[in-house]
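Quick heads-up: structures coming right below.
Same chain, two partners: subunit A is paired with subunit B first, then with subunit C.
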Partner chain A sequence: MRKALGFLVLLAGLAWAQTALKVGVILPLSGASAVSGKAALNGIQLAADEVNATGKAKLELVVVDDGTDAAKAVPAFTKLMTVDKVDIVIGGLVSGVTFALSGPVKQYGPLFLVIGAASSVVEQAFEGYPLFFHYHPWDYHNVAAALQFFQYLNREHGAKKVAILYEDGPFGSAGIGVYKQQLEKLGYQVQAEPYKTGSGQFTAILTRFRAFAPDILYWIGYDVDALPIATQARQVGLRPKLIYGAPPSWPIGFERNPLSNDVAGMTAWLPTLSNAESRRFVEAYRKKYGEVTEEYMAPMGYTIVKSLALAVEKAGSNDKNRIAEALATLRMNTPFGPLAFKPSDTGKTRYQGFGADIWFQFQYLEGSRRPVFPKDKASRPLRYPGEYYLR
Partner chain B sequence: MELLLQTLLNGLLMSGVYALVATGLALSLGVVGIVNFAHGEFLMMGAFLSYLFFALQGLDPLFSLGLAFLAAFLVGGLVYQGLIRPVLPAPELNQMLLTFGLSILLQNLALLLFGADTRVVAPSYQAATLTLGPFFLGAVPLGAFMLSLGLLFLLQVFLTRSRLGLAMRAVAQNRLAPGLLGIEADQVYLLAFGLAAALAGVAGVMLSVILYASPTVGFIFTLKSFAIVALAGLGNLKGVVPAALVLALAEALVSTYLPGGGGLVEAVFFLVLFLALVGRAWRSP
Partner chain C sequence: MRELSHLPFLSFFLLLFALLPFLPLGIWGAFLLDVGFFIQLFTAMALSWDLVARTGQLSLAHGAFFGLGAYGAGLLAPHVGTLPALVFGAFVAGAGALLLGSVTLRLHGLYFAIASLAFSEVLRTLALKLAFTGGPIGLPVPPPFGGVWPLAAYYLSFGVLLLATALSHWAEWSPFRLAQAATRQSEAVARVLGVRVVRVKLWSLLLGSLVAGLSGGVYGMKTLFLSPYDAFSLGRAVEALVIPIFGGLYSTLGPLVGGVVLVGLEQALRLWIKEGYLVVYGAILILVILFLPRGLVGLLGRRRG
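Here is the complex of A and B:
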């Protein structure tokens, strides 16, 4: 009897050891995308704690910083592969950095769970890679969601001119030509200008935009650019009816700055969403970190780890190929809504998680982000024209 | 025409901060004779100091200017005594490696203390604008420009009218002869290096409002200052203001008139540096 019990304990121990999994996490914890990177890491750690607490799987995270810089990301990724010897990597937030990782990823062959990297340049770079799971929508999904909003602005508010400021890296510039064409198809006159993210120098471009007199000032860039644009637009006397931004994250404390008022943007998630998974996530996040985040990268990181844990459980193994097979057929509810993988719209990658439907538009109103479009998700009507004058 | 004038105005306003930062670099290069790659980190310190005072005490950045000047002067003095002075007799490469290492150290120290997030000092007048007919002038960039000019004027008075200033210029011109006349070169170096750091610290306070404070905010200003100093002539203090004006106007014009110029604006200083060096090479046989 004792022998049998000992054997059972040994088996249980072996089973537990089998599902103990070392997971590499490569995120921008410094540099231009640090706000998104840290939010993502918080979500990942929260989910890993929850998974480990259930005892069904044990996840051990090995976190490295890519510095929002391809030159730092490649050695950091190589370290994960060669020193930490992980088989599964969560990361790929910034398109330019993820693009640079495409070679090393193909070389070492991990199961790569990608949290961001919306640029279709990345989709192309990972074409045919069998262990590439992309959770975040692609840029054409983002464009589709934004175009829906612009169509509404054109139809309901008579907006006719858009001035676009886009950062000159892959995030901002990939597909800008197509974007311009699509807006023109909707009846807009478009003027688009590139800029260097983090330079803080917008006065010259904004001055030129003044002659164009846009209804909408639209910028595609990073959080560091938000305040300089909001400030310098006023300083050069640009008077758009809407300032609309599409950064992966917004600067910390931006909502407390009066210059943020009426600035609109697109997000995939806000803590005020009424879906049950979202409410559960918000509560767990508040309990662990003592605050509520508005960064959608936090639930995105959370979702990735939760889905990974379910796949590990389903696969009953820590073999990356078997986990990938389990992930491919997974169906689950997330703070963003239902998640299931299918081939990307272009057919270049096999496992695409979310699409255009998770996006919605918000506006900074009285110190917080309020959903304003589409109507089924709106908690407040859009303020158009926004007041960007100095009071 | 209106666009051209507004563009020139934008460039003119930016040139003040450029001149202030580059004058510090020219001082340390011209007087102490050291290529200081950590110059931008004094600027970063000023920016974070302004942020701390604003975030913790609600202190207007205008009041932080004096404090940043003193703090950066003190840190600059300590850096000179502790690090720069011992390597002055060493080959130039050693000096450059030391200041480069110091730059990395200070950036990482800031990363540890403040994290990588950008911090903004947002006083109520941050986006205030003055209108002159069809032209717009941001109140903060205008204030920064005026203050920079004022400081540079005071520096000029100090260098031309005070004994200490004259001693500094003498050391800049000839390192041996002033010693024979009883001028303590070491003290002059200390003062010059402290002043250089202080000017960058003040510029940092201005940039905490115009841009943001972050561990890497100073780096690009070090590079631009090198371009300005090269254009002005290494160590030539008088040439710094016109050289800063050339760089700022070139950036504004490229950004406004070149297709896709907004993405190229950070490359302008490379071009300026390149042209300055090539021009000098052609002039000297």
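Here is the complex of A and C:
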């Protein structure tokens, strides 16, 4: 009798240990955001392999491509829900596409673990949806983190003038007015001019900026413009004390170009971060893919799957509501630092993962990106003024 | 007699779309309805582009008409409801077409194409800068009829396709076709024949823009969100011209077949090939353009001998 009971307990234990869970993944694997989407997928697959290797849970990923396009994302999401019959979806990298998914998400009601979609318009779209877990900081967190750095530059280095070069699309233009106001409130004189992404022609604007003699050249745009701006700023003799860029991703190999030296920017993660989780992630990533990534979407995807696996383990069930309950109370260390969910600052959504504190400032120094601000994350002091001369 | 031979095909496609929600498609039903929704909209766009192309004009303004319709309907829908908002969006697109046409339709071929491209760029910039459009942050749009009927968006897109097909069919089989063909082949000769060339081009552009505007309005109600870069995308205009070239220009059946095959093919390749599907998609497109200069419907013609 005792043996039979023991056998039953063992069986139940094994069944629990092998809790198989189908997870839908919807990411931009083609289109404008494919680089970030593929990085995120690499992180997700790496974490799923690690989770499956432990035997505590079995995650089966069903991956679909949203094409960075609402018209492709909606049918792809519907397929996940009705054909693949998943209850949990990881995705939502691009804000516009994620907004388009708000209707189908509310219709089918999955547990939605959102990797990106920083625009607070998305926050409004999912207001009141109970199974919405947003890991990435919102856009107002990004602004707060950047302003903290500008406050430091003003206070510690006496920076007083900012020239803002922003692309005229949604990424560069959204909130530019608020940005200007906030910088002026910090005591800066601000001159801002828009440009068209990919135009490659900045000399006219940069020459106008030269007359303004800014301390900081602040560029908000896409990777394609990084090199032309760094080159043409030197050509027109603009001598800011800091070139600060805020693209969603930096050009591949930019660090190897001497023109990148002293250029600063903001990110949520770098492989050189010294926390234990980050080091573990970098090592595992290198082992699986034979390279190191600098895309922070890779550890973000990794973090989401790891947190999901812990929640599944804690819930002891495949039920999305029980997993959501477990996720809501989860505390864990991640490559970005500690993760715990709380209501968003506006109170519109209930489960917000990371905030402004995961962002930090880096500088291209001697061929790689080094954290320089805030002090607790800095591996090197900020080089200010930077040297932006034609050699 | 060509008319009679094409009608069964047209009817077949339209009937298929009308009955799609009721076909026993099993677990694939909801997915195919979503795919069908976008096939209908993009096919309607292609039909509306072809309507303009029949006068020999290469329009790159269809993205702008789509965006005008989308924003017009999206802005008005919360205040007046779905159908009046869609009609308003179509009229805004039509007004845009009249404005563009009255200034540029004396231009020919590539000159008109460049002017229409500039028109799209201007409108996109306006949508980015004007506060009431939501600017670069974008514009949330409510679902049709408050979201109470799940098939509403599908049947609205079917309605747009039906209207586009009817307009295209009328233009193909009425005396208007002769005026369009004469204008396309030689404006000077057409004038000698008594065709009021600018008026024919303007009417074609107006009708095309109304359909494109309606497509944009319905698109916004499905995706629930508009951004200037999405709504006024040049990609929409390019898609609208690729489909008729793929299916067969200057006809109703060509864009209809082209839309169903091309948009459906893209979805299928995305499912089966995943990464790198664009390589296969591009190769098929090139092969069809190289070996079927009359598009897919050219196959039907050949078969008939």
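Observations on the model:
Note that in this section the second predicted complex is superposed on the first by the 319 of 391 C-alpha atoms of A that agree within 3 Å, B and C clash if a C-alpha of one lies under 4 Å from a C-alpha of the other, contacts with A are read in each partner's own complex, and residues count from 1 in each chain.
What we mean here is this: contacts are C-beta pairs under 8 Å (C-beta built on N, C-alpha and C of every residue); 3 or more make two chains touch, one makes a residue touch a chain.
Fair warning: this is a prediction, and the values are worked out from it, not measured in the lab.
In the superposition on chain A, contact is made by A:L29 with both subunit B and subunit C. In the superposition on chain A, A:T329 contacts neither subunit B nor subunit C. Applying the stated contact rule after C-alpha superposition, one finds that A:V83 touches subunit C and leaves subunit B untouched.
Once the two complexes are overlaid on the shared chain, A:D168 sits against subunit B and subunit C alike. Applying the stated contact rule after C-alpha superposition, one finds that A:T54 touches neither subunit B nor subunit C.
Of the two partner chains placed by the overlay, only subunit B lies in contact with A:I205; subunit C stays clear of it. When both complexes are aligned on chain A by C-alpha atoms, subunit A residues 29-30, 168 touch subunit B in the first and subunit C in the second.
Within the complex, the subunit C residues that touch subunit A are 27-31, 33-35, 38, 42, 125, 128, 135-138, 140, 143, 147, 150, 219, 222-225, 227-230, 267, 270-271, 274-275, 277-278. Residues of subunit B touching subunit A in their complex: 3, 6-7, 10-11, 14, 111, 115-118, 120, 122, 126-129, 131, 136-141, 210-212, 214-216, 220, 251-253, 255-256, 260-263, 265-266.
Across the interface of their complex, subunit B is touched by residues 29-31, 34-35, 165, 168, 193-196, 199-205, 207-208, 211, 223-224, 227-228, 230-232, 234-237, 251-253, 257, 259, 390 of subunit A.
Contact residues on subunit A toward subunit C in their complex (touch as defined above): 29-30, 63, 65, 67, 69-72, 74-76, 78-79, 81-83, 85, 95-96, 99-100, 102-103, 107, 119, 121, 124-125, 168-175.
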